[in-house]
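Below: a set of structures, written as structure tokens.
You will see two complexes here that share subunit A, one where it goes with subunit B and one where it goes with subunit C.
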Partner chain A sequence: MKRARVSDLAIIVESFFQAAVAGILVGCIYGLMCCGLSLIFGIMRVINFAQGEFLMLGMYFAFYLVTGFGLVAFLGPIYGPFLAALLAGPVLFVFGYLLHQYLVGRVTGVNVIGAEAEGHYAQLILTLGLSLVLANGGLILFGSVPQVIRTPLSSTAWLIGPLLGDYVEIFINQARAYSALVSILVAVGLFQFMARSSLGKSLLAAADNPEAASYMGIDVDRAHRLAFAIGTGITAVAGGLVATYYPFQPYVGIDFVIIMYAGVVLGGIGSVAGAFLGGFVIGVVQQVSTMVLPIQLQNTAIFVVFLIVVMFRPHGLFGRSAERT
Partner chain B sequence: MPTRRRLLQGAATAALSIALTLTLSPEAARAQANDILLTLIAPLSGGWARQGDLMKKGADLAVEDINAAGGVKLPGGNAKIRLIVADAGDTAEKAKNAAQRVLADNPNLTGGTGAWLSSFTLAITEVTERADVPWLTLSFADTITGRGFKNVFQTSATAGAMAGMTLDMVLELAKSATGETPKKSGFLADNTAAPTGFLKPLRDELLKAKGIEVVVDEIFTPPLADATPPVQRVRSTRPDMLFVYPTATPDVKAVLEKLKEFNLDRGRLPLIGNGAQFGTPEILNLVGKDLLEGFMFTIANWGVKGQEELINRFKQKTGEPWMTQDSISTYADMLVFKMAIEKAGSADKMKVAQALREIDTTDGVAKLYAGGRLKFDDKGRRVGASLYTIQWQGGEPKAVFPPTAAQAQPIWPKR
Partner chain C sequence: MLRIEGLSVAYGGLKALVEVDLEVSEGEFVTIVGPNGAGKTTLFKTISGTVAPVAGRISYRGQDLLALPAAARAHLGMAHVPEGRQVFKTLSVDDNLQMGAYVAAGRRDWVRNRKRIMELFPVLDERRDQLAGTLSGGEQQMLAIARGLAGSPHLLMLDEPSMGLAPTITDAIFERIRAVHKEDGLTILLVEQRVAEALESCDRGYLLDTGRVALHGSYETLLSDARVKKAYLGM
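Now for the complex of A and B:
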């Protein structure tokens, strides 16, 4: 009888830790995705419908780098896919830079000072169109067959335990663990860049108040272009990491874009670190909520938590309550 | 000496003349007018685009075969089939819009087939039924032919019927391999129409009637961000067999990988699925041969023993490694329409629908459907519709049941 009770308790403990570990790992990757969007939406205030497609392009770039250039064969199944994910960043940075220069820049920054709704209507239409073009262009270019960066890590785990006698064992998926680690490193690098470098500070200033920033000698257009490009690159790195365990096709962006927006708003609009935390919280809530709710409701749980946070902290966990100058 | 402008004018006039001749050629125009119009509405964009691609490949081959053999025999002379392909997209609304467009653009449409996902088929047939267009479908949901429609013909067994057949097959296999039947079972599925329809009778009555307890019942909304929570529950409850029914490829991969990660793969837990998503060629590439080994799934149709000539031709033409239910069903559907049009002696949609209601054969194209009989009951369900059991063996999905269609012997994993 006592053994049965211990066993029941152990199952609960094991399930909790297992869900928490899964949530932490997924949360770190969501966090990085949210950082990318935070630069574009949270700081520049561009409502970007194409964010999911930037993620998709990152996935395909990493995939072709691995399959076309044999990075796995060259560097092995651990370093190959993760290096490919990191390399997707600079390439999509250039893509984002050009995209902003020739398209998005026309409806943001100094071009829309004094325009109706600060150019948001034009941004909505433009990025929605861009999203459709990229997804359908991807279908023509890459085809409809789902792809994934094959690595044995995606089905192997480190085992912690047995704990509590012989009852509890915790599995940590290796692909997700490495992805989470890379996400944290990239996010920390981004925080440092934004907080400490003069370029990072000028990006924040140009986003906060383009007019005032231009009086201070900051090239606002260039700053916006760089922020957009960095946001695109960061999202692409997250895409490359997700591609190591999640099959994707050109329409994969829609699976993640709502989570990205929820994370940015939850963390606090205007804060890159807050966006990471917002994504992280979403990952943890999504997984741990299954302890008490049916799995079908795990995404509902995210939005219940989201509403509660927004009710008590309308500016998100790390958002600034003061109006922008 | 002709000037450059004259040369350009001449070239433009010649090109225009050729274009007009081709467009307005009486023979070409007559041939176009005499063509029999059939449509395939399938997802060609969005998350199910690959399934639509496989359906199109099967239908294209059939139309090519029919037309190469002289077309459809009609009293006024033979007619070719022209296939109109429309994209059902990724929502039921888009699928319905596609059906409305096809019908509006082609008032002479004779019939159609599609659209893979039951919820798409439900939406499309709301449109086609009002226009009296006969519709063939492989979609499983019971509701497709449970609404009193007269022109919808379901070539697959319904999801509810499949559940009973799958359970009987599983228990028979388990008993012959281990000498006993499983006592505990579990479900790990998504909440879309087909899994819901398939699992409901198992959960409500079929398993209870066999004395089998359901110890884990995990239903999720796709896409699954991480399969840890549901697989953890499977691990805690230890069923003797697990019905696995995610419909989206990423979820199939996530579940199978998590089962391996938790040491529940390869014989430790017999896995039974249902549906085409477990047998698509790309699943091998995405999941890998080792993870799939031994995985069993039941399916409404498949390229099986006795169809080698067709399968080989399909493989050669399309480069696909095998013929899935999506391709063989649309191939067969085109042949069924040919048969019905010839029987009706007309491409008129209502006469063709009537002919479909009257067909009763076990020959020819009937052999391309599981169960081998082509007759529809008053609801539009195919009489004697059965299923095939496919098992991954050595990196290939092979038909293992029923014995008449089997390409390999079934293997029931032993603990």
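Now for the complex of A and C:
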């Protein structure tokens, strides 16, 4: 009898740790995708509804690179998918750059200085349309069958334990673990670029005060384009990583775009590192909430936490005010 | 060094500058004075490229400035310290200076310039990690000037650096401007409302009124002009 009660408790403890570990891993990947949106929305203040579709394009790009171009054969099934995800970065960077140059740039940056609501209305409509075009175009090109990038790591796990005297064992899914690791590395690279390089800081300066930035010799239009392109590429890398454990189809963007916005606002608008942590918190909340809530409600849990945080910290978890008080 | 000929600017139908001629020679200290709305800031913005003229020519060291976009002009060695300071509020003091040094010359001379800046404005050294938006008004003005200096400019353009500052701070700032003119050999183009102090430091001055150059000449010429006396000096 006593023995039974201990094992009940052990099951709860075990599933909590299991959910927490899963949350930490997907949290890192969510963190990376939030970093991408943070450059576009958090820093450059461009409303982009198509960010979820950028993620989707990253997924399909990585998928076709692995299945169609034999990256698996070349690098082996273990490293191939992760390299494919990384390669989605530069390719979608170019895509984002061109998209900004010919389309999005017309309703952002120097073109909307002084416009009503800083061009947000036009951005809303344009990127909503873009999102539909990309998702529907994806349906025609890629079909509606859910895909996943198969790697042997998806179905292998490390076993931690037994802990707490034989009762608790935790599995760490290897595909998620490697994806989380790659996410952290890419995010750290991005933080270094933003915080250390003159080019990275010039993006912040161009967003902060475009007029003064141009007096410093910073090409504000190009800064916007660069931020948009980097933001697209970063989210695409995250997409490629998600694709190793999450089945996707052309409409997958909607599952993630809300998570990204919530993460960016939760972390504090204007801070790339904050966005990573915002995404991380959301990953943890989402996974841990599955312990107590039915799976359909896991996104509800995210928003309850979101509302609580924003109630107490209107600038987000890591936002700081640059105005004198 | 800077030559402006027949420059006219209009906002919509409203004429802000009408056929303005102005010249600044290498090593000079030139002041522009004039009442509110005279077009002083508009003139500076047109030189820097954030406002486009309807007519006229601007050349800087023989280069046609109007053929270049705003961001390219800063790379020629001119620094614009804008009206109302316009520091990068969300960046630290040090990052603001580093953005001032974004041009190639600024990067090349970064160590030397930074040392000189901290000598002129020691308070910025104390506050180097503070967000610029949280500095006091006087400190922000010092930062705005320092940010201009960080680019190793030949021509420093200052738009009302005394705006909203206490007289003692204003004096300190004017003294630093004179110092960079005399000791570092920078050419200065200064817009000011505090006419007495501004004219006192300069070689030559221009009086701008409703978009036209109403008067120009030496310090003595301007100071002895009845219009200047009446409007600014209360005499």
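Keep in mind that, in the parts below, the second predicted complex is superposed on the first by the 314 of 325 C-alpha atoms of A that agree within 3 Å, B and C clash if a C-alpha of one lies under 4 Å from a C-alpha of the other, contacts with A are read in each partner's own complex, and residues count from 1 in each chain.
As a working rule, a residue touches a chain if its C-beta (ideal position, glycine included) is under 8 Å from a C-beta of that chain, and two chains touch if they have at least 3 such contacts.
Predicted, not measured: the structure shown is a model, and the values here were computed from it.
> Look at A:52 in the shared chain and tell me whether it touches subunit B only, subunit C only, both, or neither; answer first, second, both or neither.
neither
> Is A:138 in contact with subunit B, with subunit C, with both, or with neither (first, second, both, neither)?
neither
> Is A:146 touching the first partner subunit B, the second partner subunit C, both, or neither of them?
The answer is first: A:146 touches subunit B but not subunit C.
> Counting touched residues of subunit A, say whether subunit B or subunit C comes out ahead.
Counting residues of subunit A touched by each partner, the higher count goes to B.
> Once the shared chain is lined up, is A:22 touching subunit B (first), subunit C (second), both, or neither of them?
The answer is first: A:22 touches subunit B but not subunit C.
> Please indicate which partner A:42 is in contact with in the superposed arrangement: first for subunit B, second for subunit C, both, or neither.
neither
> Would you check which partner chain A:204 touches, where first means subunit B only, second means subunit C only, and both and neither mean what they say?
After superposing on A, A:204 lies in contact with subunit C but is clear of subunit B.
> Which partner chains sit in contact with A:270 here, subunit B, subunit C, both or neither? Use first/second/both/neither.
second
> Once the two structures are fitted together, what part of subunit A is touched by subunit B and by subunit C alike?
none
> State the interface residues of subunit A toward subunit B in the complex, per the touch definition above.
The touching residues are 11, 14-15, 18-19, 21-23, 25-26, 136, 139, 144-148, 150, 154-157, 171, 173, 176, 245-249, 251, 255, 283, 286-287, 290-291, 294-296, 298-299.
> Residues of subunit A touching subunit C in their complex?
198, 201-202, 204-205, 208-209, 211-220, 270, 320, 322-324
> Across the complex, what residues on subunit B touch subunit A?
Of all residues in subunit B, those touching subunit A are 44-47, 49-50, 52-53, 90, 191, 218-221, 223, 225-226, 228-230, 232-233, 236, 249-250, 253-254, 256-258, 260-262, 282, 285-286, 288, 291.
> List the residues on subunit C that touch subunit A in their complex, please.
So the residues of subunit C in touch with subunit A come to 48-50, 69-75, 79-80, 82, 86-91, 95, 98-100, 102-103, 107, 131-136, 147, 151.
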